[in-house]
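Across the two complexes that follow, chain A remains constant while its partner is chain B and subsequently chain C.
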Partner chain A sequence: MRGTNAALGVAGLAGFLAPAEAAPRLGLVDEEYVPPASRIAVALGEEAGDPAFWTALGDTLTGWALGLAIASCAGVVLGVVLSVVPYLRQATASTIEFLRPIPSVALIPLAVLLYGSELRSVLLLVVYASFWQVLIQVLYGVQDVDPVAEETARSYGLGTWARIRYVLWPTALPYVMTGVRLAAAVALILAITAELVIGAPGLGQRIGVAQTSQAVPEMYALIVVTGLLGLVINVGARAVERRALAWHQSVRGEVAV
Partner chain B sequence: MRRLSAGLTAGALLLVATACGSSGDEPSKGGGSSGGITTVKVGLIPIVDVAPLYLGQKKGFFKEQGLELEFTTAQGGAAIVPGVASGQFQFGFSNVTSLMVAQSNGVPVKAVANGIASTGESGEDFGALMVKKGSPLKSPKELEGRKVAINTLKNINETAVRASVRSAGGDPDEVEFVELPFDQMPAALDKGQIDAAMVVEPATATIKNQEGVEIASPLVDVAPDLTVALYFTSKQYAERNPEVVEKFQKAAAQSLAYADAHPDEARETITTYTKIPADVLAKVTLPKWPAEPNRASIEALMKLGRSDGLFKTDPNLDELLP
Partner chain C sequence: MTRVLLRLVLAGALPVLLVVVWWVASAGSTDVYWPPLRTILTAFPDVWMPERLRADVLPSVWRLAAGYALAAVAGVALGTVIGSHRRVRAVCEPVLEFLRAVPPPVLVPVIMLFAGIGDTMKVAVIASGCVWPVLLNTVEGVRAVDQVMAEAARSYGITGAARLRSLVLPSASPQIFAGLRQALSIGIILMVISEMFAASNGLGFTIVQFQRGFAIPDMWTGILLLGTLGVVLSLLFRLVERRMLGWYHGLRDAARRSP
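This part shows the complex of A and B:
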């Protein structure tokens, strides 16, 4: 099963790389603006040999990880609190629906006003974008709690904390995991965008410099790195999800097939 | 979090007010000093234009004045102007029209040193209005009804191109201007998505490499020896730290003069903060780096900006210029 998956994955990648190499070579697109995959690979190799590249990668990962951690904790805590107190949920519903669609990128001037081009600017954008992903999932997750289970727990005399721990949390956890997985991808996108536009140190800033310098292969090489980073993050998030939900029907069902 | 929600509700209209507020709260932020050396943050775009500052830092001109520059490179004014206005960066680099627009919008900016000037030689400037190889277009007049790419609409390059069209006997209102980043212009021109592009280096060199043709030097057409960009700070910072501004001015003037006199060293410096490929860099036309802005040229630019409707209120050059 696992072997087939890997083989299919490699085949898919080859199916993508072959045309990416051939199209510029055959002159279908201009080699100067869309360099063939092999030239991008060479540029990627040169990047990997530059210590500044690794520093930038570290900066991006720091912004991503911190932002995701803050957004996830805040999303889970606030989500649970809002759900447990019905009045709060009703009072905040319209505010959440108002704030949620505001694109994080639109907050760039605000971030620069408050924090300049520091890590905190990146964090503001990352947290703002990924917080909603987690919060909304937590709210849905808590709504999904089985009223019979809840009533049973009550009649057995479980307190609020115990009910959160043994009834609410196991029901909401699959939703939380989905939320965090979505937030992980969004956080990466926003971290890179913030670096690109604001100039905070990181991969995004290097992409920006390559762009304004007309260094096309280097630019694509860095973009490939962000793609790979996204891939790794998604694989990692799925692994965490599988482990945390090993007891859950959805995961057990997947394994049985 | 409180500041975030406050900012959100205040909305974009209050950005400027927030800017004043937050720098008022934290006057000491940034610009730290230790051992007689003051560190100042400078917001820049990583392009050819700002080479003198990197060179001056390397040559120790700023250190002699007791300054240490910390560079932040952003993609454009979206990050630099609010950063300087709120005191997150002490100095920034921006084109003259953007500064006049900012001032007319009530953003308290104050130019402190010259940035760059056009070379003043038509056909040999760092900025050029270009068409692709084999294009039938020969004069800016023929751009009526055509698509012309500008990096930022309603800014210095659009004003300059409009001036070139006008002086060639055309009607600039008939030209269709589209916004496109400089680095995407060569490809768009090559593909025929646009009919002409107002580019600056290194895109100018890239298009020349493809045998594109220059049909005008708009920045030369605006005024002789046009001052294109300036280094600036916020009004509050200038008022509170006149001695730092003065030191920056002295070191910047020295750096500009040095870079102007040593173009090869300037070119070498560019490789340290950009990734411009060597073959392109060799063909790049460097701007002029005079130590003083040319007021007459800025007045000409202001007149054009006014007729193109860029300003809410008339810019006050006495307050803006150093």
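This part shows the complex of A and C:
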């Protein structure tokens, strides 16, 4: 089954790449705008030989990892505390609803004024954006706790800590995992956006430079790199998720057949 | 009566407290970047006059609505197909994962090449970013359909549209709504970013103009307006969600009440 899946995946990828190579060559789209896939691959090779590219990649990853770590820890801890302590969830609901939808990019002007194009600017945006992803998922997950299980645990005299550990956490875990996975993606988006718009060092800044200097294949190559980076992050998150959720319906069904 | 009062107090206490703290802490502020809240609030009505609301906020909201609607329809439709067929999922997964992994803001320059700098570009950017949380959550929700119920439906010969309407979509809908909620905030982000790049109107454009002109209190009013817009959209979303997921919350409540 695993072999078949991989083969189907490769077929899907080939079905995507073939038109991307053929369309510009046949003149269906303007080669100036969409260079053929092979031309992008060449540009990608050139990028890989440039030490400055690797420095930029390192800068982007630093901003991403630091921001995500801060946001995830804060989101999980705060989410659990808010739902466990009586009334706290209700008391904070309106504030969360107000702060959460403020787009982190609205803070770009503020970040520029406060920190210029430093790492701290990037971190401010990354943490703000990905924190809500985790927090909201944790709150959704805690709401999903099976009332019967909760009552059972209560009637067996489990304390608050034990109820969090054995009832609340397993129910919320799939949501938390989805939240962290989405937060990882959002963190990358914001890290690269911050670099693109503010000009903090990193891949986004290089994309901006390639764009303004009309280096279209290089721009596409860098976009492909950001995609691959996101892919690696996502596959990693999924592997962690599968490990942590081996007992859950959505994963179990996959293994059984 | 007392319960309603308690809920009102709980909902209102923290925001009021935070605003009071902000007001007091910033009252004597001479820092250029953190103007007193009073200055910001006085500037608000002068900055956001009805003409400006019509010229800048309406186009933004329209683009957001169009892009979001496109993404929601496409995400749920594709997600249902991908989630319910193992083979389709295997074929699409690598490509989808790659497309999803590309940060949407870097597509702004690319989409600009094709669609210029008009509304089409912005709607396309918003839709291309919003579709992924919806799609991902729909796939997950469809995959997590209860096995026993799925078997029962099969043995009763419920297939096709009926299966979709009465088993798959209802069962996945809590997940789908979680995805839609995330897509909403991503949509607002992209709305602002697409306007920061190339636009002649819109909220994002105006806020950046204020920042470049060092009109700091005006910039703050823009941030506040974006927050308010977010809250209004979020409330609307909650109304719709409560309507659509009423049965689900009802089920939970019933299970909670029964001994």
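Keep in mind that, in the parts below, the second predicted complex is superposed on the first by the 256 of 257 C-alpha atoms of A that agree within 3 Å, B and C clash if a C-alpha of one lies under 4 Å from a C-alpha of the other, contacts with A are read in each partner's own complex, and residues count from 1 in each chain.
As a convention for this text, contacts are C-beta pairs under 8 Å (C-beta built on N, C-alpha and C of every residue); 3 or more make two chains touch, one makes a residue touch a chain.
Given the structure is predicted, the values throughout are model-derived calculations rather than measurements.
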In the overlay, answer first, second, both or neither for which of chain B and chain C A:L188 touches.
second
Report for A:V197: first if it touches chain B alone, second if chain C alone, otherwise both or neither.
both
A:V209 in the overlay: touching chain B, chain C, both, or neither? Say first, second, both or neither.
first
Quick check for you: in the superposed arrangement, does A:G159 touch first (chain B), second (chain C), both or neither?
neither
In the overlay, answer first, second, both or neither for which of chain B and chain C A:L8 touches.
second
For A:A93 in the superposed arrangement: first (chain B), second (chain C), both or neither?
second
Give the label of whichever partner, chain B or chain C, reaches more residues of chain A.
C
First, second, both or neither for A:E218, with chain B first and chain C second:
first
Is A:L110 touching the first partner chain B, the second partner chain C, both, or neither of them?
both
First (chain B), second (chain C), both or neither touched by A:G45:
neither
Determine where on chain A the residues touched by chain B overlap those touched by chain C, and list them.
33, 99, 102, 107-110, 112-114, 196-197, 211
Provide the residue numbers of chain A that touch chain B in the complex, in ascending order.
30, 32-33, 99, 102, 107-110, 112-117, 124, 128, 196-199, 205, 208-215, 218
In their shared complex, at which residues does chain A touch chain C?
4-5, 8-13, 15-16, 33, 87, 90-95, 97-110, 112-114, 129, 132-133, 136-137, 140, 143-144, 146-148, 175, 178, 182, 185-186, 188-189, 192-193, 196-197, 204, 207, 211, 216, 219-220, 222-223, 226-231, 233-235, 249-250, 253-254, 257
List of chain B residues in touch with chain A within their complex
3-4, 7-8, 12, 15, 18-19, 22, 30, 41, 43, 45-47, 72-75, 78-79, 82-83, 85-86, 88-89, 181-183, 186-187, 190-191, 202-203, 206, 210, 273-277, 280
Going by the contact rule at the top, pick out the chain C residues touching chain A in the complex.
7, 10-15, 18, 33, 86-87, 90-95, 97-107, 109-110, 113-114, 129, 132-133, 136-137, 140, 143-144, 146-147, 174, 178, 181-182, 184-186, 188-189, 191-193, 196, 204, 207-208, 210-211, 216, 219, 222-223, 226-227, 229-231, 233-235, 252, 255-256
